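Following this line, the structures themselves.
In the two assemblies presented below, chain A is common to both, partnered first by chain B and then by chain C.
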Partner chain A sequence: MAKIKVTINEGGFEREVEIEAPEGTGSWPKPDQMHVLGKRTTRLEAPDKVTGRARYTYDVNLPGLLYGKIIRSPHAHARIAKIDVTKAKALPGVKAVIVIDPNKEVTYQGDEIAALAAVSSDVAEDAARLIDIQYDLLPHVASIDDARKPGAPRAIPNRDNVGREERSETGDVNSAFAAADAAIDANYSTQVQTHVCLETHGVVCKWDGDELTVWASTQGVQGVRDELAREFGLPASKVHAITEHMGGGFGSKFGAGVEGSICARLAKDAKAPVKLMLDRKEEHLAVGNRPSIQIHMKAAGKKTGELTALETDSYATGGVGGGAGYPMPYVYSCPNTRIAKREVFINAGAARAFRAPGCPPAAYLMESTMDDLAEKLGVDPLEFRRKNDPNQTRQKQYDMGAERIGWATRRNKVPGSAPGPVKRGIGMGSGAWGGGGGPADIVTTRIHRDGSVEVLCGVQDLGTGTRTAIGVVAAEELGLQPHELKVAIGHTDYGPSNGSGGSVTIGSVSPAAKTSAANAKMQLFQKVAPSLGVTANDLSAQNGRVFVTKDPAKGMSWKDACAKLDAAGISAQGSWIPGLNSSGTAGTQFAEVEVDTETGRVRPLRVVAVHDCGLVVNRLTAESQIYGGVLMGLSFALLEDRILDGPTGRMVNPNMEDYKVVGCLEVPQIDVILMDMPERGVIGLGEPPVIPTAAAIANAVYNAIGVRVRDLPITPDKVLTALSAKAKEA
Partner chain B sequence: MHPFQYVQATSLREAIAALNRSPDTTKPMAGGQDLLTELKERIAQPTTVVSLRGVRELRFIREGADGLHIGSMATLAEIEQHPQIRGSYAALAQAAASVGSPQIRSQATLGGNLCQRPRCWYYRAEEFHCLKKGGDRCFAVAGENKYHAIFSPGPCHIVHPSDCAPAAMALGAKARIVSATGERQVSLDDFFEMPNRNLFGENVLRPGELLAEVVIPKPKGTLRSTYAKFRERPSFDFAMCGAAVALDMDGDTCRSARIVLSGVAPVPLHVPDAETALSGKRITQEIASAAATAALKGAQPMTDNAYKVPLATTVVRRAILAAVQGTEAAL
Partner chain C sequence: MEKRDADDRPPRENGRRPRRPISRRGFLAGIGGAAAVAGALTSGSCSRAADAGPKPLSGETQITLRVNGEDRKVTVEPRTTLLDALRDRLDVTGPKKVCDRGECGACTVLMDGQPVYACLTLAVDAQGKQITTVEGIGTPDKMHPVQQAFVEHDALMCGFCTPGFVMSVKALLDRNPNPSPDNVRHALAGNICRCGTYPRVFEAALDAAKRVKGGA
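Our next item is the complex of A and B:
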């Protein structure tokens, strides 16, 4: 065994750890010898999804199923004075009622208080209203500004609203500002974004004696199993977690969650299976979000194009939770920096990991600053980036993206100078992400005597295409087509698996799938070799045939080869080995927008997204990841915003009417440019594409109108307000 | 939702009878696109719901010598696709087409659209016991009022959510209202009520009454109309600001005009000053701008919605110019 470093992910956040790895490294075929790797493979489950056969947690129905419901605080901050569940318990059809803590201090609207299970969701809803709860209201804080005021009430008991300052300093910031050719100084802010998974959080729990089966909408079946096993004092072997299909997690669905353990308790108490799926309002309030940031940014540079100094001072809030960190100065190198960050607690639902935590806001803040400073220095913003970005991949991406969008010809040399009320502009932004992966999954490949093949792994598919990727990797190894395999995933009984966070699934599971398929293939070769008068090492499998590598005419069809197996067929496992994946991706996006200066409308016209992910396993789903990331980024840039009512601390838009997510008319032309770097092995692409979009859009808006909107999202009211402030100045 | 008795009426007479058994606690349901959400959120808690789905005599679109008759149960999809409405009553077709999504428009009706309840986020959330629900304050005043009214006498600051109402008003529509004791016709100008007059509803319909039909007078051959709607999210949204414009043209000159705004007041807002600015004039950019400015005269923005003044000014100006051209405004 050798010691190596790999990136792992815990709860959505990445960490590098040293592990023991098997000796020897794997290698992928040369690109010209790939048959399905890197090609466009439609999803194995596509027919199930388009016909509605695919079973999501929401679709699980069992005989005698009960419906669970969580009773949540309508107040931002209160102490429960009295809770009486007598009437709810007495309502016909109510089978179980749980009070979480009769003296709980609730610290946000949506905080869990009690739960119940009933024969229908209507009865559950009625019963919830029969629970008599009296509150002693406590003063709340609903914004960073309120939380920071002297004498502000505490959001959380025994904890200051403003956390410890995290400070870092490099070089000599004061001298660098003094020696700079130009400097900028501005305040920015970014909003809270909620995950808006189309399938809400939730589980279905079923007990058989002391054995628990849980269908969960989760990013980690194994985490769900282990959490519930711990909570109920069960061996892991007695808990089974299943996620056949799921409708999005984006970092908010690790572990069983409060709703998972409540559902399991309700099912145990009621002695019947219980389904507990949250509704849209609960999704917005209680199961995670991307923290907001308020920042004061100062930057300085040289006319020769160097970024020489950066000084930032920020307050960020993840509601009652932490995790509001973000990288700064992110992708650029700056010799003199002074970075101060503080986390603030307010009475709102806790943040959770959200697709590239910290990075989309960081990119918006940093890229807006880069553009403004470049303009003040009289340097082309693209040149300014080339000068200050040490990453060689991104240097190439700058060229590719700039050429595609028409940077040299289409961009306004003087921002806002185009004639007429409707103006076009071009902007750009960049991002970086880790990815990675390591030993977590065990994949099993079974070859049956009739030639059929099953590939099994516990791992779940968040919708990214993991199932298909496993099929592609195994099919490449076996010389078959992915659609000829049955890939069974999303079940803890299928073996150990990784949690899908940090874009590490593809890097963890692909090597295991390859190893498993290779092991199975070798066993098959050993059975077949004698009949061809060679040894197993002399054989290859390609295009549905098994043949002698040096004499391809000598061989047989896959089916005939498998017919030589015993009735037991072959079952071979494989786990992660080094050499097949790596980490570290770069991305650059260019956007063109049209801004109507008389209505404030920002219309995205085109996004050019240039990304690398090492060896592309499935080009179709890789591109889908980029489309999805760009859409989420656009939505963050232009629409999404969790709005809290100051006087009550309640969210006014916990729905999909006023919490606005992009629809089909807001989607521009999206050009995906995938850089192939097969020599690096596979690297995840789930998170990177969401990072640069808002930055690129914001800079394009500035290039169009010559006015900077310093607060996301860039909605019509803010554009009009910024334009009118500028007009008043002039 | 609260349990309620569900009555499927098969005739107008039956519907009226059912509505009048206990008028104060009975709600009619047309397409259900609004009422169902109110029921689910427990904002409406009727003891009886009378479905009008089976009342065939309310589902028609008919052009007569006196104009266009649209039954209150005609769907928005039917209106948006109707050749005569698209031709002679363009503002109404455009307004219907701008509502919600295709799924919603195939269920939603004209009557329901005119009588829908406000979208104010305080009104719609069960936790906020606002004025309109019998509470003691309008939460929008000290709270989040980006989408609220810039023309309201108070004490409530909703905007009326209908797109079809301003379009029908601009076209001079009347409402035929049926009750147990007979029927009455009310100009749409008088149909909607400000909150200082009617806090718990938005129009003159009283319990037991039903909006049966909308009648739009036959336009002169020279009438050009359009409905311009600015949506924060174009795919699917209520109006942030909208303007219905109907111009009676004599060549390049405007004989008379009707202009009604959406998204700015608790009722579809008729703006006579803007109309005066157009009548007798050849419509140029400048005249359209002057009319648009007149339309917004007297606006009183709240803390977060001053942007609606320049936005609505643009919407009105572009709507006027589009109407002259016989096109739809680019927004």
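Our next item is the complex of A and C:
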């Protein structure tokens, strides 16, 4: 059997694996023959979501439900000297108390220490206060700089604060710098961003004997099931994970998590169902973030527009966790590179995959460098990119985006040269993402004798529109409308499914949905064909009819066709086959901003986002995905920052007031340009649009004021500091 | 009365006493709770709150809330928020708990027609008021024009903020049937959407205004 390579997702990180190619190759209809694919389909679950009918994990109420709470370390680094839960246990209404490890060395504020379940969330909070914990404080490090100081205390026991250096070199960097027409040399940094999923992490666990049902706010029901089955020594068949709706994950919600396993234990001990949802503060502290990077960047080029050398040296931290990698030189080709990266451990919550891990910071760093170097070389920044970007799709996107934003006419030829205190500027940035997909899902299509159709798959919908996409694909195959189908997802009992990360969901599940619907349709055709005096292969299904392909007048309505089924109806499965999806997306964004040089405030005015995602399954939700990516990227550029207090190692803004997330008043005009490339099959779009925005905005700020802010987020204080530093120079 | 979360206790070792973070519960228990009890509770079962020393309030009492046109009896504590009473005790889960301190708007409900954060409203203070949640203005089969517009404009992604946005838009249109795009932005400035669906929400709100006027 032939082997092929596919991208799958494991625990939030995509991985390329070699598999035996399944039999058969799929193909999508030609664009002019698509009836629902590529059109605008409203979300199948939208009526439930706008009326409060949709039930998320947080909304699950069960008879006798208890409320769980985790007690966490207030300290960045400490050892538990004594823990006494007697009073908490004695409080009326408390049904279970667990101490995770009475001697635990906690290594970040928010580290789990104990947990309890009580009859109400109020009683649970009262009980949490009654747990007496004495700590021996240990010295901590709360920043990359502190962690790197000679003699700095270790953040994690038995582990150096600075991890192994990852180094790569191509070409001859020294000679390239020596031969360059111009070079730049600058330090940059990017901040820690937290996921801020509106539905916090959490689960509801209910035991029936030795069978466990868990409602989880997760990006992978199957992972949750498998993890809990392993932990409790149960066969997978006795654990059921359900995520009918979930309130955002962005990479942070894989596996059952500590809260999942604690909740299942509490429910077991209390002999009652338990809901354990984290609060907003815990969410900031303990369940993931995007790592920060400090980097020294040197680059050189030629007046003819070539980027000839890049040398970078960086320290990045994912708190007590790893995963702080990022691509460099990212989308550009550079013949001579010397890249050094080190991961640093500090006493802060561990990083997790966050929407295009590593890429938004990498784009900001690389695109700022490209702009600065272009200016020094006297080359138009757009031309500089055209010359050094090998990607043909992006080359087209440069034209489309530049024209829409008015690059030639609206951009300041001399950065900062516009008159007056409020200055406008234009900038750009690019991104690339893999995506992909492979065999992970089995989709089941059921056709009932009354003509109704159900499509089932275990897979979950993070808000990206997965449920609707499955409906669109199956409806196209069956000649029906998506809203005529019932798509049931988010339940491990519906069959194997992929974790939703790495933008591989649509590339994994659409082929399976298509195959399943095609198999079901063929069974229906076999039942119907004799009555039309043809064979199954002679039939088509379109516009709610089943008919002879060569003689469309000869046929019957979908309902009449289904009436020929016996009582059992049809149930057909389908799995992934090659030919229907691919990987690799390109994106370019242009931004226009207004900077008030007296207040330092940056006001984003417009973002033009040009992206490709192969065959667009649902144009409506694909556009929404791009809006969302741009706004999350804008939020990263201008607002979000997890701030740790050095002396205590505590987060000073663990809420939604001081940790700023983009709101209505910051939303610019966003122009979405979605490139159609149906011949490439489906490709995920969840991550790509978040990547270029911060880069484009940072460059627009530079173009407006003629001063580079080299530290994200670009807040008013940094703008004013940069302006005054420039004024002093002058 | 002072209360604070267990994990907010200042470190004893360094002798300094950092500024204590304000927790909503501590704040309510400290001033709002007792006042609310004195002013709003008819039952005497919580009278110990009046002479409250530094110990947890735990008295429960039954009150009646008028939710979506129906009188619902519910047992609450003085400190129980309207949001918890609705979600945990009455199984009205449309209003969402996201920040639980008035920063995101996901719990927005109407109280006598005015939008309020249910997480910042005590259940006892909601007695005698008309409380309208997202469930009360339409159903999947018979959606309110605002809800219909949200569906058609894809003004939702994960949907967790959606009930709050729907209610904020409804409240806006009730007081201003002809909002400008700027009016919409300001009316929704107290609602946060992490998926970033704002442009769609703006479209939906303006379209909903037309639908409401047209009697759709």
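What we mean here is this: the second predicted complex is superposed on the first by the 729 of 730 C-alpha atoms of A that agree within 3 Å, B and C clash if a C-alpha of one lies under 4 Å from a C-alpha of the other, contacts with A are read in each partner's own complex, and residues count from 1 in each chain.
Everything that follows uses one rule, which is that contacts are C-beta pairs under 8 Å (C-beta built on N, C-alpha and C of every residue); 3 or more make two chains touch, one makes a residue touch a chain.
The model shown is predicted, which means the values in this text are computed figures rather than measured ones.
In the superposition on chain A, A:S121 makes contact with chain C only, not with chain B. Of the two partner chains, neither chain B nor chain C is touched by A:A402.
In the superposed pair of complexes, A:S724 makes contact with chain B only, with no contact to chain C.
The larger set of touched chain A residues comes from C, when the choice is between chain B and chain C. After overlaying the two complexes on the shared chain, residue contacts for A:P74 are found with chain B and with chain C alike.
When the two complexes are overlaid on their common chain A, residue A:A216 makes contact with neither chain B nor chain C. In the superposed model, A:L639 makes contact with chain B only, not with chain C. By the touch criterion defined above, A:G663 reaches both chain B and chain C. Of the two partner chains, chain B is the only one touched by A:T599; chain C is not. When the two structures are aligned on the shared chain, A:G52 is found in touch with chain C, with no touch to chain B.
Common to the chain B and chain C contact sets on chain A are residues 74, 109, 122, 125, 648, 657, 662-665. Here chain C touches chain A in the complex through residues 3-9, 11, 13-14, 18, 25, 56, 58, 77, 79-80, 84, 87-88, 91-101, 103-104, 106, 133-135, 138-140, 143, 147, 150-152, 154, 156-163, 166, 184-186, 188-189, 191-202, going by the rule given at the top. Chain A makes touch with chain B in their complex at residues 74, 109, 122, 125, 596, 598-601, 639, 643, 645-648, 650, 652-654, 657-658, 660, 662-666, 715-717, 720-721, 724. By the touch criterion given at the top, residues 1, 119, 121-122, 125, 127-128, 139, 142-144, 146-147, 230, 232-238, 240, 304-307, 310-311, 314-315, 331 of chain B touch chain A in their complex. For chain A in complex with chain C, the residues that touch the partner chain are 42-43, 45-56, 58-59, 61, 67, 71-75, 109-110, 120-123, 125-126, 128-129, 131, 133, 135, 137, 196-200, 245-248, 250, 277, 279-280, 462-465, 620-621, 623-625, 627-632, 635, 648, 655-657, 661-665, 667, 670.
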